[in-house]
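Dropping the structures in below, format is structure tokens.
Two complexes are shown next, each including chain A; its partner changes from chain B in the first to chain C in the second.
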Partner chain A sequence: MNASPAPLAPTRAPSLHATGMRKVFGELVALDDVELHVRAGTVHALLGENGAGKSTLVKCIMGFYRQDAGTVRLDGEEVHVRSPKDAQAAGIGMVYQHFTLVPSLTAAENLVVARADAPAIIDWGKERAKLQAFMARMPFRVPLDVPVADLSAGEKQKLEILKLLALDQRFLILDEPTSVLTPDEADEVLGLLGRMAHEGQITVLMITHKFREVSAYADDVTVLRRGALAGSGPALSLGVERLSRLMIGETTLRARAERRPVDGDTVLELAGLFAHHPDGSEAFHGINLKVREGEIVGIAGVSGNGQSALVEALAGQRPLSDGRIFIRGEPFEPKRDAYHRFKVFGLPEEPLKNAAVPRMSVAENIAFRSFDRPPISGAGGWMSLRPLRQRAQELIERYRVKTPSPDTPIEHLSGGNVQRAILARELSGDVDVLVVANPCFGLDFASVAEIRAQIMDARNRGAAVLLVSEDLDEILELADRVAVMSEGRIDYVAPIGETDRTTIGKHMAAHGP
Partner chain B sequence: MLGTAPPGVAMAKAKAPLRLGPAVEVVVIVTGALLTAAAIFSLFLLAIGHSPVRFFELVYIGGFGSSFSFQNTLRRAAPLILTGLAFAIPARIGLTMIGAEGALVIGALAAAALAVPIVTQGWPVALTLTAMALAAVFAGGLWTGFAGWLRHSRGVNETISTLLLAYIATAVLFFFVEGPLRDPGSANRPSTMPIGRDYMIGTLPGTNVHWGLVAGILCCIVLWLVMSRTTFGFAVRLSGGNPRAALAQGLPVGKLVVLCAAIAGGLAGLAGFFEVAAVHGQANAALVAGYGFTGILVAFLARQNPLAIIPVAILFGALAASGGLIQRRMGLPDASVLVLQGTIFVTLLAAETLYGRFKIFRPRGDER
Partner chain C sequence: MDLTDSALFTVLVAMLGGAIRVSTPFLFVAVGECLTEKSGRINLGLEGNLVLGAMVAYATSFHTGEPWLGVLAAGVSGIFLGLIHGTLCSLPRVNDIAVGIAMMAFGTGLAFYFGRPYIQPPAPLLPSIPLGNWTGIPSLQRALEINPLFFVGIAVALLMSWFFRSTRWGLIVRTTGDSAPAAKAMGVNVDLVRILATASGGFLAGVGGSFLSLYYPGSWNEGLSSGQGLMAVALVIFARWDPIRCIWAAFLFGAAGAIGPAFQAIGITQGFYFFNAAPYILTLFILASSARSRSSAREAPGELSIVK
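The block that comes next holds the complex of A and B.
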């Protein structure tokens, strides 16, 4: 393969047909006789819940896994992909959810080192000329001489795609390509890819769970559910209603909790908060925000704009360099006594990583809030295990946590059940302040509906909720007010009724002064 | 997305498989590692022309063969119990502290140094020994507590700092026993002043095993209770299991880290106290006997469980006790026992990766 591909021929886009795909992990059937037909020169959406088998299918096609049965045909010819290298040779390339570029290298350097046959000694003059010629043929461009770290997320995403095109890969698999982009960037990238596909230059297979992207950009859809093919067809013929039926099957989702009007005083106040990364760069800058009783304030923003640092600061995981947090007018420090006194609770993202101790039991994990208070803790810090277990048992039933026993290590539970156990711990009591971060990340529909309803319930009971989410739909559904965080600043706050997706998107993309 | 476990998916119908508990898993894997080490060491013995059968026979005779040899074993097990705990307790909060040797030496030196003026003034025995023990625990605690503080406030890797502090401790010991605290009567072997027969801790009635064994076993039981049944232990396990979650619960993770590190040093210091007050009667180079380092191995084999440390320490006590016999009967150097210890350590570390690999040990329903 060469860094300077032949000029794009008009009919280069391959078709891909995977039939009878089956993959078993131990006793789990991850893929069961799945079929996928991607027509040449189309954008094909692969839709499904978390755990439906989308990633497994794609990893089989890419050679990360070997399927137990089934064949993959590219342009009608069977291909045997045993490793990602084989996939590359066959012209199948993948853009991952997380960037795979080297941040300290420039775009040009990244493009050259990505080649399988990158020479030991690089003649930069020659390479540059080739790259510039290549760029000139592309419908979108990225500055070649800037370190990747200084590119915006949209530019990085484009560079990832350019990287594949430079390697002459015409079947592109995109794994949730828009999760790190603003709505505008997403529209731009998907629009460009769609155009290239329809010109017959590439074929795109896009893993997603966003209906909006499917109806706007996909030609065909394949829906997986629990490792099996649930349905497929032209995107136009399948409405959102039908798609969601195919995705979740007959599961009934918890109805959306009603938003009751609550008019309260300010409970949580962030006053001029600053924090830094360990390397000294600024994580966020002068954050001012007030959250009233019975109000959900949603902080929207593209991943990596300081939201996670803000959540860490509120959770005591990151020191503030300046500013104060007040709760009901009193200064608040993220210490155990203050959490208890002010009734501050939190639902962090990826609970197994941030809110649980994987090796401790479900009961112990549920007791994190209460282990050092009566009735569990007695004189001299001696713990009574009976009330600990009793309380856990109660909450496990009330929150329908599926676990073999309260003594099972929590790491053995599924993601949704871990999240429910954490919900039980954080929401079962009297909650005044709730800090929530991407609570539904990686969960199935039923869990998502349940968790959002619980958050709304907490709000309706009078909690001041700060919801940090990268999922704009989640914020639009739950928040009373929305604040947009961009480059560590909050410059835009508006009641949800007075703003819309476009306005929020524009502020998400705004760059600081 | 890559590299994550295969996504959750439809469950195939299957008969409920036979499952054993995690406790069985530990025993099977640890035993497997020990047998592997024994096999590798046997090959080593064969290669240098000795009989492995004879070797293990002598280990048995030297360690457990008679009442005398078993008492010898227990005497050597006593400090190992404490130094094993000194590794196991900080390990529960996620620290890998390998410098118990240093805290033991510093504790012993503190006890001996304190004894010199007290003994000449004729304090009562019980009071003297208590003061010496406290000095040893305190000095050892400060020594490794410092490493914990460095870790918490400066992000210094505690494994490196404790290892280096162990070398410093040895140098400090040599400085004092060869300089300011040297007993002029100790000609060939520089030592501090002997505390004298009257001030030595006696042995358990009817044996020549000193009270350090009892102290060690008590410490194991107490710390096991503290770790499993108190809020302190719970907070330590929480902080060790997931520091981010612990911080989000408002726990003082930094303080707990320093405290656990200090407890470790205190335990090793206590071992040092017994070495002075029950074995040597003075501080000298004999204190640097590797108990601190063998303790790491003990804790590893016991999987940081305070109660399991007791039998494991006895096993390693036997190994150490049989060293002399092996030297005499087989003509093998004393260090051959260390070769076996090292081999065990390597196989044990390799075996760590086996946990969770065998489906038979997982609870039913967990089919990852």
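The block that comes next holds the complex of A and C.
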């Protein structure tokens, strides 16, 4: 290769044009002749389902992958980016979904070590003065001397963006920037970036799958579907209806299940639950919540506020330090026979990790709740495999799990199909209590619609459902009542008809006393 | 009354002197391990570095008549073992704990194999600096005869603390140890940083070994080290990955190791073996208590295989 090195970073917002982008992984065509035109000084949304090719496209631009065909032009000039370092030199920076900050370093140390020209010996007096002068020019601030591990998710996100701005990166790529932010924090961060873009300081490319963010913040939008360009244009001219059509194509989604009124008795009661993290800090504090028969209670909150610890505690993966769980007035210990007796079922987040044994077959995984009871378990502890396979076969058909055979290891299935197989196991019987955590994370629209409908069906059959979700839209769609969890506490519970996105968002950001 | 006072005094002085002597190899191994662990690797094989270093130092001093050359050669042998460990662990799916145990056996085996001819002949030892002449008390004078390596060890610990805080390379090592993805996103070659950190840590452990054979106890034999290299790993956890706290921790371990000989000095021989076991009991106690400590969990480098 004798192509010229990447040009020096521009000092004003650049435009970016990627044309004819193609990338093939083995059999899979991840990108097929995709175009992306980002005008200088705009916020551009890159919209698409999981697996549509958004991250492949961005990774080619960032130099993680080398595209098989296609060119990238920055301000009209072709750039050859072979590594993230080249991208940095060209002024292209990215904020990843998973933070790239170093947890044990302070904000100041993180900002200094990220610089390619950081001095070999650091004069902290001088550096600190420089950083403070830089912070004073920025629209948002972050404490400099606190280890990053102690910052909130919102502050970390801001620090990631500040890091890129400090490096003079003028083309910012944000990967699902609002997934860890409260609605208010998202409004603040995206609003400020939008203002900087319109002043001509930066250009922003934002990966998202949320229509709301597209209509609220983006100037232009490009939609990808299955590795190909589905459409693009000004955000204002493309309505939500049109965008969703572009995103999901002609697939018909399962219609939303009908909602029956709630009038049952209390089934699940959490009474003053406390638990700690392994490092001794508090995971959640004094959780009181009641779920009635045929009711979905949604727990909203930004990731990392104790929700996953609560689900772990209900699943018996984490000991409670105080409090009791009652089901129909009887104390409940999260143990296997109690699950069976009280008919408690669950769908934890990341089911492949938390609810399946990846290398065991689909049929075996489906039998986890039933293998030690008749008809599979016979006299003398012997298992008979025929009913196990028969049952699996039935459920695979009923829940439309796409698998080559019941004997395929479950880890070979796609995320949506793993989720369906686990749902089949957990929902096929008589369900009294269902605990669900982020059931649709990372799934395509068809699976999402299917799984939400299944949850609604379980509710309508009389199950008490506790739904923990970081996706506020999911909670607004499914829940009968909303509880908001923030810093390990639940201080706000309201029926869905008496609350709205803004109120919930305020409580998501609330800090405990 | 006077007798117990002087007995107590004798024990304390013997423990002080012993702590200074015994702590020096601990200090070198611990500071070396601290550097390696800060980069995200655990090298359990430093016991091998220590023993090989002791043998190489003794042999070099015997042949050249120059003990300080022996110290340097011991360091180089440590680099050699560290490079092997670092490189092996950079291969995909290779576990650093398993490699460490293999390297421990390899290092000691190598030392015993090549060290056989050096068990008998005496080699020139390292000199010490008499710092206690002003006291006029013979026992205190003996305790304050201090080997320069002790001060070198303290200087290295202070230097390393400064290195981690105020140099670009120091921040890069900490970044690599805490979050390999972050380091990669910065364009840092994570494996290279870890190999270099393991090699440098190996150097320091080798120097620690030279102290054993060239100063205290001051001879080469196969029972020279009694697990100091392994205990130093526990010591790093106890010091919560801070080189300066490593100094205090090494001193504590040194003092514990000096309890047995100190009691022997005043004629208490009962429980001698029990007192000699003090450092090992301390190690067990420290590992059990620090595993439950919250601050230890917070300060552990995020990439360490025992923490993940």
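By our rule, the second predicted complex is superposed on the first by the 502 of 513 C-alpha atoms of A that agree within 3 Å, B and C clash if a C-alpha of one lies under 4 Å from a C-alpha of the other, contacts with A are read in each partner's own complex, and residues count from 1 in each chain.
Definition applied: a contact is a pair of C-beta atoms (placed from the backbone, for glycine too) under 8 Å apart; a residue touches a chain by one contact, two chains touch by 3 or more.
All values reported here derive from a predicted model rather than from experimental measurement.
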Simultaneous placement of chain C and chain B on chain A, clash or fit: fit
Partner with the higher number of touched chain A residues, chain C or chain B: B
Inter-centroid angle chain B-chain A-chain C after superposition on A [Cα, multiple of 10°]: 50
Touched partner set for A:400, first chain B, second chain C, both or neither: neither
Partner chain(s) touched by A:338 [first = chain B, second = chain C, both, neither]: first
Chain B versus chain C as contact partner of A:280, first or second or both or neither: second
First, second, both or neither for A:141, with chain B first and chain C second: neither
Partner chain in contact with A:317 - chain B first, chain C second, else both or neither: first
Partner chain(s) touched by A:102 [first = chain B, second = chain C, both, neither]: second
Which of chain B and chain C A:29 touches, first, second, both or neither: first
After fitting on chain A: smallest Cα gap, chain B-chain C, Å: 7
Set of chain A residues, in rising order, touched by both chain B and chain C: 96, 98
Interfacial residue positions of chain A with respect to chain C in the complex: 83-85, 88, 96, 98-105, 109, 112-114, 116, 118-124, 149, 278-281
List of chain A residues in touch with chain B within their complex: 23-30, 32, 50-56, 59, 64, 96-98, 175-176, 226-228, 315-317, 334-339, 346, 348, 353-360, 364, 367-369, 371-372, 377, 380-383, 385, 404, 408, 412, 414-415
Parts of chain B lying in touch with chain A, wherever the complex brings them together: 1-2, 4, 6-12, 14, 229-232, 234-235, 237-238, 241-242, 244-245, 247-252, 359, 362-368
For the chain C and chain A complex, residues of the former touching the latter: 166-169, 171-172, 174-175, 178-179, 181-183, 185-187, 294, 297-299, 301-302
